[in-house]
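What follows is a set of notes on a single structure, which appears directly below.
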Amino acid sequence: MSAVTVELEHKSFHSEHGEVQVLRPIQLQIHPGEFVTIIGPSGCGKSTLLKILAGLDTEYRGSVWIDGQKVVRPGVQQGFVFQEHRLFPWMTVEQNIAANLSLRDPQIRAKVDQLTELVRLKGFERAYPKRLSGGMSQRVAIARALLRDPKVLLLDEPFGALDPFTRAHLQTALLEVWMRKKITMILVTHDVDEAVVLANRIVIMTPKPAAIQAVIPVDLPYPRQRVDGAFQEIRNQILRALSDQGVWTAAE
Amino acid sequence: MNPSNQDAVYPAVGMSRNAASDRAVTRLSHPRFQRAFAGRGGKLLQGASLPLVVLALWQVASSLGWAPETLLPSPVNIVRALADLVSTGELVHDIEISLLRALFGFLLGGTLGFAFGMAAGLSKHFEGFTDPTIQMVRTIPHLAITPLFILWFGLGEWSKVLLIALGAFFPLYVNTFTGIRNVDAKLFEVARILEFNRLHLVTRLMLPAALPNILLGLRLSLGVSWLGLVVAELMGSSAGVGYLIENASQFSQTSVVFVGLLIFAAVGKLSDSLVRWLERRLLRWRDSYGG
Amino acid sequence: AANGTSAPGQTITVNIGVQQSIGPLWLAREKGWYEQAFAKVGAKVNWIEFQSGPPYFQAIASNRLDFGQVGNAPVIVGQAAGVDFKEIGITGTGRYGDAIIVPKGSHVQTLQELKGKKIAVAKGSAAYSLLYTALDKAGLKPSDVQIVPLQPNEAQPAFESGAVDAWAIWDPFITLETQQHGARVLANAKSLGVLVPGFTIVRTQFAKQHPDLVVLFLQVYQQALNWQKQHLDEAVEEYYKARKIDKSVIRTVILNSESVSAPVTPDVVASQQSTADFLYRLGELNRRIDVSAVVDNSFINKVNQSSGT
Amino acid sequence: MNPSNQDAVYPAVGMSRNAASDRAVTRLSHPRFQRAFAGRGGKLLQGASLPLVVLALWQVASSLGWAPETLLPSPVNIVRALADLVSTGELVHDIEISLLRALFGFLLGGTLGFAFGMAAGLSKHFEGFTDPTIQMVRTIPHLAITPLFILWFGLGEWSKVLLIALGAFFPLYVNTFTGIRNVDAKLFEVARILEFNRLHLVTRLMLPAALPNILLGLRLSLGVSWLGLVVAELMGSSAGVGYLIENASQFSQTSVVFVGLLIFAAVGKLSDSLVRWLERRLLRWRDSYGG
Amino acid sequence: MSAVTVELEHKSFHSEHGEVQVLRPIQLQIHPGEFVTIIGPSGCGKSTLLKILAGLDTEYRGSVWIDGQKVVRPGVQQGFVFQEHRLFPWMTVEQNIAANLSLRDPQIRAKVDQLTELVRLKGFERAYPKRLSGGMSQRVAIARALLRDPKVLLLDEPFGALDPFTRAHLQTALLEVWMRKKITMILVTHDVDEAVVLANRIVIMTPKPAAIQAVIPVDLPYPRQRVDGAFQEIRNQILRALSDQGVWTAAE
């Protein structure tokens, strides 16, 4: 149950070819225990924003607070599932999940086993990342983040490489964890349905340099039905907002 | 593109990710070699073929009198000298002593090199203060500083071990340092997110990630330690393989010098093979080009 | 303890430097004569092996060495460098021990014919000063020949493969080359009428603290020398066991070396002085020295007195 | 976890991906050092601080007579000897000659080492035939094989250059080899799909991927080439820094020996800095841990 | 216009823990110029199958033919877009697209420029991969494969990291290339809609060890409308087939 306050003024990257602005001023107040999904065009700055929230990137103007405390460095309080899975290639699946925690600690052991089960990787505990498929690696990364009970969990397209059913399973699992542990969730996705299935509020970003184009609240009860009329209404609202962005060739 | 050309560039049709495809590499490419060089013994034979050819030519040249015996004794005479030295037990003793010196020197210098490499790799400030000095000391010739070693550490074992340690320091230092600085920034971000403490940062991120380079440093350091004996055993020793060579050359006992060289080569190769074996075991998790 | 300066019960360790050469000191070491003699006065012996002359002086300067035997050039260099040691006797006058040799079939017959030729020599060695003396006597300037600085193990292939025309060197190389490869001695100390002495040296501080041990050292050396003279065949056998080089070579080397244990005579001092001056003129020494300053015959005189009585 | 501890392990709060965040590293961490060691000159000062301290202590020790001048001359005397040697022009000449020898030796040995490393890295068969021999030769002491070099190549520049080349060969060989074998198998698959020819396979995949290691090999090889002078110039030279040292130590001119050591250290450090600079330029594309 | 014939008997991986079978016998006949999409649970063996088709993996029993010729090694004829983008980190975007081809060749240059435009990366030609977002990297990989006009193009979840609109744009672009160049397309996806939008036939794989569970032909005219009844029918047919697999927790 942590509140996240974002007051970003400016973020840009410097390269040999000069400065490139990535983020415009962004104000966002995320309530304790809220589930926010972020959706926006490819390359607009979603991952950059998430890294700022995590404290990984401090090269920006503005501030981010978690529970009134300024975020200056990363830590387990701000869990992170990266867009690429970023597993340690020299660790097996279970070692990757435990990472710096000891598997000999029976409590950790039990939790790791439970999570391997949850992400459906039983039987692969001892496999090295090079023996995993894309979706399997992504699931390991999710388990790794869930093990640590963060206050805020930042997820950067965590289910991108999963088939519809595994995806749905993990969405349900994530919602369950969220409800039980009251973790504040911030999830980037490209799947409009996913955004609606999960979120209390959906933040739509403009193309680069990104700003908030719209914030769409979703007041539907969980679990949500995709066939539901209100669901479809919000879905279309999002698609409309995205296609308003002008740069898009409407293809649908 | 010429397919036969391509075959040479891509010797493996499948990537050698595991034992099975490793076998496939041998099976699918160069079938001519298959019979002669298959399996473990075959690999040995393959590696020995070049030295054996050289040896044969050498013996022929010696027998025909093309090579002056005082400067380049024939292999047969070298073997004879070897047998002599072995029979008196002298050689075994020399090797023993030299191995101990090299080992202690390596352990001391290698450990320090590794530790300093780690520290400098991890901290820009440590690097800023120590690296320039280390790089300066790196290219100071050992041969020229033995008098200082005698002054400071005497003529006993200490100065020999320390001189070897000095040489062993650098390859491990430079390689460890570079290994650390090659660590993927993305994985470092993960370590920061997961709040790795110092120990875990080193043992679970930096060390394994830098391992290929560290093992390379190990190989080079071992080689240098072993070579360091030649200079170290100039300082008042009366046993050891370096001493053996130096002493024999004072009396123009060239075949004994060559026995010494032989031992240097053999031990060097052995220690190198040991590290390569370690490499194969420790880096099994890697998914990299197999040659 | 050997004398009043050290506390009772405290054993002294005497550090003796030795080279793997053919000579009585090496024999004494093999036979354990020093250990025997020094144990009687409660001192222990520590042998340190050297591969060449200069390191003796580094070790003396570091107080790590007490006794040694070296050639004529290293003592001059050591003295010029300010190392505190004394010459307590000579080990030979080196009439045959150093020489300029030419390979088999060489047309060079006289020293004068060395003009323009390449001559290998280890700088700072006894052979080095012999070479310059020889050139001087032949009326050649150093610039008239090409000096190629080479240590023996590098000079040998250069000499045998004809990369150099002559070689200023010491034994056993002289004997090896002459007996086995037909090389010819062009000049040696005897033919030039000069001295190329070898010296027994002691660290000055040690001599001050343990004068009786210095005497004892020389006495044992004398014994070894005597034994070698009386048991030449046995000595050759000993050396052969260790060195595995031709026995006739060993015998020649022993005879050539004409080992003695004698005081540093005025002749020797004069010859040393001229070598020192000459090295100074060449710019190899950075100061002029008085070689008599490091001579101390008092110990050897004592030995000779006691053996005389 | 103690936050101040963490600061030391993670000196950079943001990863140093570009110039801006590099500056940030200095700004955000260790504010104490900021003023003293900021910028380019500061880095120099930082690196020089350790040698300067040593130098000061050394001078004090010498002045108090703790260090025997014969073995460890005072810095002042070394500078005096340096000035002497410079004024006669001798030193410049020595350095020139030595640099040339080291350079040629390095170019020859380094190029071959690189080429063999490439070949052995790319082909398991080439490796099988040559690597064992190379590893054996690697630990044969130079000092002991100079007689053979003189026999085969005479006393001229050739044998010196070849001896240096021999030393320069190995670090580049081993590092190039390892670099190639570290290439990500995934990228190799891409190269096979895109049908890279031999040339492109080397220039566009293997070389850039192995570059961190190759540059490391370059650093080590340069160092070894430079050090090789000491032994190479034992082979009948009458000029060069190695000769200078050798000659001075034969005549116990210790301060001249130290001038030689100084030059060894300085040139070594310079060449190393050059490669590090190259490293920074050539590896800009990398996203790795910055220390 | 190339036909692909797959006659796989068996594929397994060996590890320290023994042999793991990944593929069961698979027979598939792909017609010249056909567009086939493959859909199946995470970790079932789709990427493995694609690598076999590409000639990258030859450690299996069975054979693959392209136009009657046995596939024994990879090559430009069998283009491949990998699941991870696999860009060369030392090459800029345009260098990555050209890879082993020369950018100084005006023809290549023109094609590269055209493709950068197509994948909407104008302005990033000179950027190194570390400066790209996840979706941007994926688009570079797609451009790289398209540059080479392969006979058969194998795509392993090529649009996974893209927002709906960029995704739709690239789907359209891919269809256009397919129609113009008559490339035989084999595309792995987790997006059922995408499978239906693109394919002539959809292959549904069983969980590991994978076999073909069903092949669903799609006889709708291009461009296809998602709202279309027939479209929805096929969509549901796929979802039904997938949920039949039993291992799934029906979450929808």
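Quick notes on this structure:
So that you can tell them apart, the chains are marked A, B, C, D and E in the order they are listed, and the count of residues begins at 1 in each.
In this section, a contact is a pair of C-beta atoms (placed from the backbone, for glycine too) under 8 Å apart; a residue touches a chain by one contact, two chains touch by 3 or more.
Which chain is which protein? Per UniProt: A, E = Sulfonate transport system ATP-binding protein; B, D = Sulfonate transport system permease protein.
Because the structure is predicted, anything quoted here is derived from the model rather than measured.
Looking at chain A and chain D, the chains that touch each of them are B, E.
Counting hops only between chains that touch, chain C reaches chain E in a minimum of 2.
Should one ask which of C-D and A-B has more C-beta pairs in contact, the pair is C-D.
Centre-to-centre, using mean CA coordinates, chain D is 48 Å away from chain E. In this assembly, the C-alpha centroid of chain A lies 26 Å from the C-alpha centroid of chain E. Each chain gets a centre from the mean of its Cα atoms; for chain B and chain C, those two points are 39 Å apart. The set of chain B residues that touch two or more partner chains comprises 6, 10, 15, 17, 68, 71, 147, 150-151, 186, 189, 192, 195, 197, 249, 286-287. The set of chain E residues touching two or more other chains comprises 13, 15, 56, 73, 84. Residue numbers of chain C whose C-beta contacts span two or more other chains: 58, 61-62, 153, 156-157, 160-161. Interface residues of chain D facing chain C in the complex, by the touch rule stated above, are 68-71, 146-148, 150-151, 154-155, 234-238, 243, 246-247, 249-254. Within the complex, the chain D residues that touch chain E are 17, 186-187, 189-197, 200, 204-205, 208-209, 211, 284-287. Of all residues in chain E, only 54, 56, 73-76, 78-80, 82, 84, 86, 88-91, 99-100, 128-130, 144, 148 touch chain D in the complex they form. Looking at the complex, you find that chain C touches chain B at residues 17, 20, 47-51, 55, 58-59, 61-62, 64-65, 152-153, 156-157, 160-161, 172-173, 176, 180-181, 243-245.
Residues 1, 5, 8-12, 15, 17, 25, 30, 33, 37, 43, 46-51, 54, 68, 71-72, 120-125, 127-133, 135-141, 143-145, 147-148, 151, 170-171, 174-175, 178, 180-186, 188-189, 192, 195, 197-198, 201, 206, 212-213, 216, 219-220, 223, 226-227, 229-231, 242, 245, 249, 254, 257, 260-261, 264-269, 272-273, 286-291 of chain D are the ones that touch chain B when the two sit in their complex.
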